[in-house]
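Two complexes follow with subunit A in common, the first pairing it with subunit B and the second with subunit C.
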Partner chain A sequence: MYASAALRNLKRKLNGWMIISVIGAFAALIPSLYILFGLFGAPNENWAHIKQYVLLDSALQSLWLVLGTGSFSVIIGVSLAWLTAAYDFPLRRFFHFVFVLPLAIPPYIAAYTYGAMLSYTGSVQAFMRNVLGVTPNQAYFDIMSMKGAIFVFTLFLFPYVYLITKTFMERQSAAFIENARLLGKGPLHVFFRIVLPISKAAIIGGVSLVAFEVLNDFGVTKHFGISSFTTAIFKTWFGMYDVDSAIRLAGLLMSFVIGLFILERLVRRRRAYHSSTSKLKPLTRRKLCGIPAWAAVAFSSIIFALSFAIPVLQLIVWATWTYRDVFNDKFAGMIGNTLLVAFVSISLLMLLAVIVANVSRASKRSIFTLALTKLISMGYSIPGAVLSIGVLAVFISIDERLGGLYERLGWGANKLLLSMSLAMLVCAYVIRFLSVGYNAVEAGFDKIGNRYSEASRMLGAGMTRTFFKVDLPMIKGAVLTGFILTFMEIVKELPLTLLLRPFNFETLATKAYQYASDEQIHQASVPALFIIAVGAVSVFFYHWLGERKST
Partner chain B sequence: MTYFELSDISFRFAEGKGDVLHNFSMRLNKGEVVGVLGQSGGGKSTLLRIIAGLEVPNSGNISINGRTLVDRKQFVLPEKRGIGMIFQDYALFPHLTVAQNILFGLHRLSRKERLQRLEEMLELIQLQDFRKRFPHELSGGQQQRVAFARSLAPEPELLLMDEPFSSLDADLKHSIREELKRMLRTANMTCILVTHDKEDAAVICDRVVHIANIGHALNINPKFVSNSTR
Partner chain C sequence: MTKKYIVGIVLLTMMTVLVLAGCGANNVGNDKGNATTPAPAADAAEETADTAQDTGKNQAVNVFTARHYDVDSQLFDAFTKETGIKVNEIKGTAEELVERLKREGESSEADLFVTVDGGVLNYAKQNDVLQPIQSATVDSNVPAEWRDKDNSWVGIATRARVIVYAKDRVKPEQLSTYEDLASDKWKGKVLARSSSSLYNQSLVASFIELNGEQQAEEWAKGVVSNFAREPEGGDRDQAKAIVAGTGDVAIMNTYYVGQMLNSKDAEEVKVAEKIGVFFPNQDTTGTHLNISGVGLTKHAKNKDNAIKLIEYMTGQAGQTLLTQGSFEFPVNEAADIPELLKGWGTFKTQQLDYAKLGEHNKIAVELLNKAGWK
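Up next is the complex of A and B:
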């Protein structure tokens, strides 16, 4: 292409929307780059020690967690997805909804709850001793272990696999499956030879979210005393005060995650079975009767009980014991804090998400927009520990740069202004959850397509007027969905909040964590229930929106 | 006198193999209605989108009324071109009423002028009593007329139509076709109309240009047909 034409094309695209998108995407990238560049510096004297005693062990522990949780999430998530997508049995609609509810319970809260319930003084063993009169072997109840962590992660993360796989099966697989049924293939053959292979991409999409969540976790492994990679980073940082090595560990974890991310995209890109026809017949369900129907109900009930009903009931019981101590002025302030930081972050984040989505929709296939959107969607896969170090380091270095300015303003030269403020936490939330908001908005734009905005441009309206007069009224629902999903994520977020909040700034999540780590599990139930309520309402609303759309 | 000129336009999609248009040229006089005929996949819609400014040609120039729209150094954005377009599925804004749809392109006029123009347009398409309806409350033919009024209201220098009859059934098509012809004449519109149908072209157009599809590498024969069909 000629230089003049290239310049012309650049000028055509250069406008406020584009500039904000590029600046936003690069700003979001800075903390990650900071961490990655840390890998290239020379290691300090601690590193040899860390490498020898910490690195391999913690990497293996994390790997086991990811593999264990991943495998069990696939088994439970896919079997439930297939059950609810392809069969009709009593209470199916109810189960379809409640299988999403575990997402409302953050795994760290589930870990405290199960940990306390199964302890020697917990409700389960107390019941067995006092009512049944048996004193069971303690070893059966050892949840504070690798197995226990995998149990908790699986129960509360499998819905990612379930949701994505079920949606795929319902919408995309009908033709293949009905053909196989017509050819007289039995249900097992259909499931293993057809359903599993064609759902591969969806399953991988779901399980990679599970993997990112496990690597992001801080609360569960901390509480169960598992020396995962994340805890290793924190020990190096806060135990040994060795920020350099912590950054180095974070860099390694991040390289691994980026590898995982790319791998997932590569596998999913070849969506060979993605049907191209727009009018897809939904899968018709087969009715189960007799024993199979009862078995389906029993299996579903067990999963529902373990992944939602039991822990929530237990929390409610504890809350009735302790709410009088917990409700006080501070508690109201905490809810205020949670709402404040959530709304500020979500507003910024949705604004940026909408701007980037609007820029990228017009030229979906250009390399530039692909890069932009991939960068944004990566934010969600960066573990909280890594992101928090990155953000903190960047903010401290900004404060150092601005030292001269602070001095001239009479605030003192070495003041840490930005890195002591809420700005840091807001910034981290925006980076981490931008992709959640972006995906929601993008889905909205995909649904309306480009023709209305093109019609508007042809009528003399520029990009901005088009956006406010044509696009926004049509994607309102999608923006609202993004708002709700990010709200739920931010309210339950723990590692970033814990590390980046200003001194004495408590949110519901940090309070629940603090009670639990002070052995005040019963008190933790009150903030925990608030978090779960927010999540459940969001899930309910999301579900309702989805159902409304599909009918 | 040449009013609209398009010369040596080549275009390919970013990931496409080969050109969709190859050194394609055409000219229009003021008030002329020209039909573009060609096979499916021949690049007719793409041609209109290039003229509209919704796609960027790889090479070639476009100018209208002495004003350059595209050449190697310049590119006028679609909203600045003063070109109207009627989309195949009309793309009427579903959240706006008939009147609001027609008013959409008139934001540069004063309030009084706007309302006056709206009345003229409603009269032209004979839908005065439907102004408060939403697009989904109209029949296919009525939607087509609203789309026409919406594009015509800002008085574009050139009107592009991509298969305006394809979503209408045969009976309706005949009456609408005549009506469209009358309205184009009334407004003395310069117009490029893409169609599959030779009969449509024969009724409405002053002349016809063919986009011929030969093979795949050089899709387009830049044949310049100007046989009058009337």
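Up next is the complex of A and C:
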């Protein structure tokens, strides 16, 4: 009975939008399913060893990382979001811009930078030794530890929480907060009783991005010598030469993340806040004076210095040592490659994200659409290197099937047409980061609620017309946020790019990695600075668009 | 307003599709060029080799490489300059590239596979993605000990995994063997990087081959109990920790000592000057070497060009370029080595079949896990 009701429901909802999202989702799914099916095969002889010596410890280490980073990102991200959204203090506009910049720095570059900076030969200790004449205890500078990893992850990932929460607070919370203020509630009461509960969805959305980033990281944990779950996957693959067990571990990680996803959605679905007026009034800021104002500036400055200014300055210093050896005319090509592949992928990705989000919103209660949205997000939960194997397997098998066709079309006897072109890498990016774009768009839809589109549909406009006339203008900001977030991700992305690129395709990230992986952080600084510059420009562009829109 | 946006989005999408198609088309052009040069039969390929000089411009060789060093690119550029054969590269992680080769099968466009570590080279061989390299020049360039016994791969350079020590606290006479690092006298003084490093895995694999699994495991446990701190950072970080006083001795590659002595950072140079390099096991089994090598892929489409590149890489000019740029030990004795390497002199190396390292790598990882070597 339930099934037939679901079927009826599905039939009613079946239209172009639905069909595109189902096709898109399935295309995105195949490589992930390939990984997930790894769980169902019989384990080989290595599995017993992995279970006994590796599994529990690495899962615990990863859990600590996620919990630590998650909590600190929420504390820093939410407090800064609230500070810049609700108060006015000196340099506010500057801070509001620069708090997004840490996202432009790949965490593994940050880890290498802080690691080298605080090492015995690094600028900090060298200064203390040579200028102050003190040789400090090494234990104080032990950044290459669990604590250090949480420090690095927090500083370079908190902007996810900050950005999503702040956008929500500025646009969405004004009515609630001003009512509370009118009713005479103090700032603490407003923050804990009003702001936190209504921003819960946005905060959880942000912190889940942070959690996935941490779970997938390999660079930071490997350099710091932490046995995380991802390091376990690679040790199994690269050390024990056991791809199957590695895929099995990745499948485990993936099912854990899907569990997290479902939990997150349950929390988010429970309650919805729709605003009572059709005017989305921005929050009016209160001016801070005296000590509170200076405290706000000091706090913001410390975070900015640690998460951007200091590492970038350090990289610039190193770049002045090495640019002569590293910088050459190939850099223009690398920047071009980086931008090209990012723009192509993001355009496809955002298109798909908007379509799926629109479909899932229109029929939110249905199990089918719920499953659909969970599944398209799976790509984000698998370590890039493992996902790349799934993508590679799928593309090669497509190529093999189409081999005859290529020949008939006169494209030469070469079989690996798709998997030797950029198409493979572009698809991999779409699969991997669809979730980032989708989350941003979905948050946008959550924000405007359903009443406008329902009114439009009631008045006889179709789904497509409603989307373009009513929804799209209102979620433009969210789409742009998604665009910028995925852009920064793709510019930094490493494992997919490394394995799936065509011949002679070098991006800034692969160049930076080339040096960093060989412990040549001084040389890596040059491409790393380019990555940061590209990211910073996109942040600037995003702000410029935002400012122009609001005036 | 909205219409403009929609039109914009549609145009952008169309453009991206066009760009994509363009890239695809370009690739097809290139690939066809590559694919048509080698004729299906080896004999026919032989003939084209003679005319390589004339058609030099269209010649290419495709390399999958896990060595990401600038000096490798310089080497390839020099080869292109000399022969007119273009070198196309995909750089990646060795095991991933093997996986890609495996999955691409017959259609693969890669001709050569280059990586650090004999174990991985053997892994490629076991996965049946390589074929024997038949070249008298290569055989005379590279002594048999640096070649696979079936010539599935040949070495291009080596690094010694040595013991470095604090010059002010440790006398070289106190050092003897790797095995000695597990003894009580080094309690709280030993430094090493994590066991996810291939270098450590290979080292343990060599002990499994030479001393047996049980002794290797005892060694790993002994070293872990002697650690001055939990493993962290890379090889360079171990050297820094010695000078900082965290520990007295560390396991490290000579390659990084060379890199640090020539660092742009004056502080790193100071550190490198304060540590001594000791080649262990000179009276017993010899010092462990990490070998970098090149293999010819099973389905190479540009076989002749590929062999030419191997000959160049192992020849005197190529080897000199390589060792001068990376401070690795050359495999060809004719190469002109840097002063630093000359200063270290000759030393006894482990005598073993590199294929064995690949076979033992798995057990090495398992016993490192058991020993609790992070």
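Heads up, the rule we're going with is that the second predicted complex is superposed on the first by the 363 of 551 C-alpha atoms of A that agree within 3 Å, B and C clash if a C-alpha of one lies under 4 Å from a C-alpha of the other, contacts with A are read in each partner's own complex, and residues count from 1 in each chain.
Criterion: a contact is a pair of C-beta atoms (placed from the backbone, for glycine too) under 8 Å apart; a residue touches a chain by one contact, two chains touch by 3 or more.
Predicted model, so just to flag it, every value in this text is computed and none were measured.
Residue contacts after overlaying the shared chain place A:Pro473 against subunit B and subunit C alike. Of the two partners, subunit B and subunit C, it is C that touches more residues of subunit A.
When both complexes are overlaid on chain A, the residue A:Ser388 reaches subunit C alone and has no touch with subunit B. Once chain A of one complex is fitted onto chain A of the other, the partner contacts of A:Leu459 are limited to subunit B, with no touch recorded for subunit C.
By the touch criterion defined above, A:Phe327 lies against neither subunit B nor subunit C after alignment on the C-alpha atoms of chain A. Within the superposed three-chain model, A:Asp242 lies in touch with subunit C and out of touch with subunit B [touch as defined at top]. By the touch criterion defined above, A:Phe127 reaches neither subunit B nor subunit C. In the superposition on chain A, A:Thr231 makes contact with subunit C only, while subunit B stays out of contact range. Judged by the document's definition of touching, subunit A residues 469, 473 lie at the interface with subunit B and also at the interface with subunit C.
Here subunit B touches subunit A in the complex through residues 14-15, 52-54, 56, 58, 72-75, 77-80, 82-85, 87, 89, 91-95, 104-105, 107-108, 150-151, 154, going by the rule given at the top.
Residues 46, 49, 53-54, 115, 119-122, 125-126, 135, 138, 144-145, 222-227, 231, 234-235, 237-243, 318, 321-322, 325-326, 340, 343-344, 347-348, 351, 385, 388-389, 392-393, 396, 399-400, 403, 411-417, 419-423, 426, 468-469, 472-473, 476, 498-499, 501-506, 510, 513-515, 517-520, 522 of subunit A are the ones that touch subunit C when the two sit in their complex. Those residues of subunit C that touch subunit A in the shared complex are 1-2, 5-6, 9, 12-13, 16, 19-20, 23-24, 27-28, 30-32, 35-36, 62, 68-70, 88-97, 99-100, 103-109, 123, 193-196, 198, 201, 230-237, 240-241, 243-246, 256, 259, 263-265, 267-268, 270-271, 358, 361-362, 364-366, 369-370, 374.
For subunit A in complex with subunit B, the touching residues are 1-2, 4-5, 7-9, 11-12, 365-366, 451-452, 454-462, 465-466, 469-470, 473-474.
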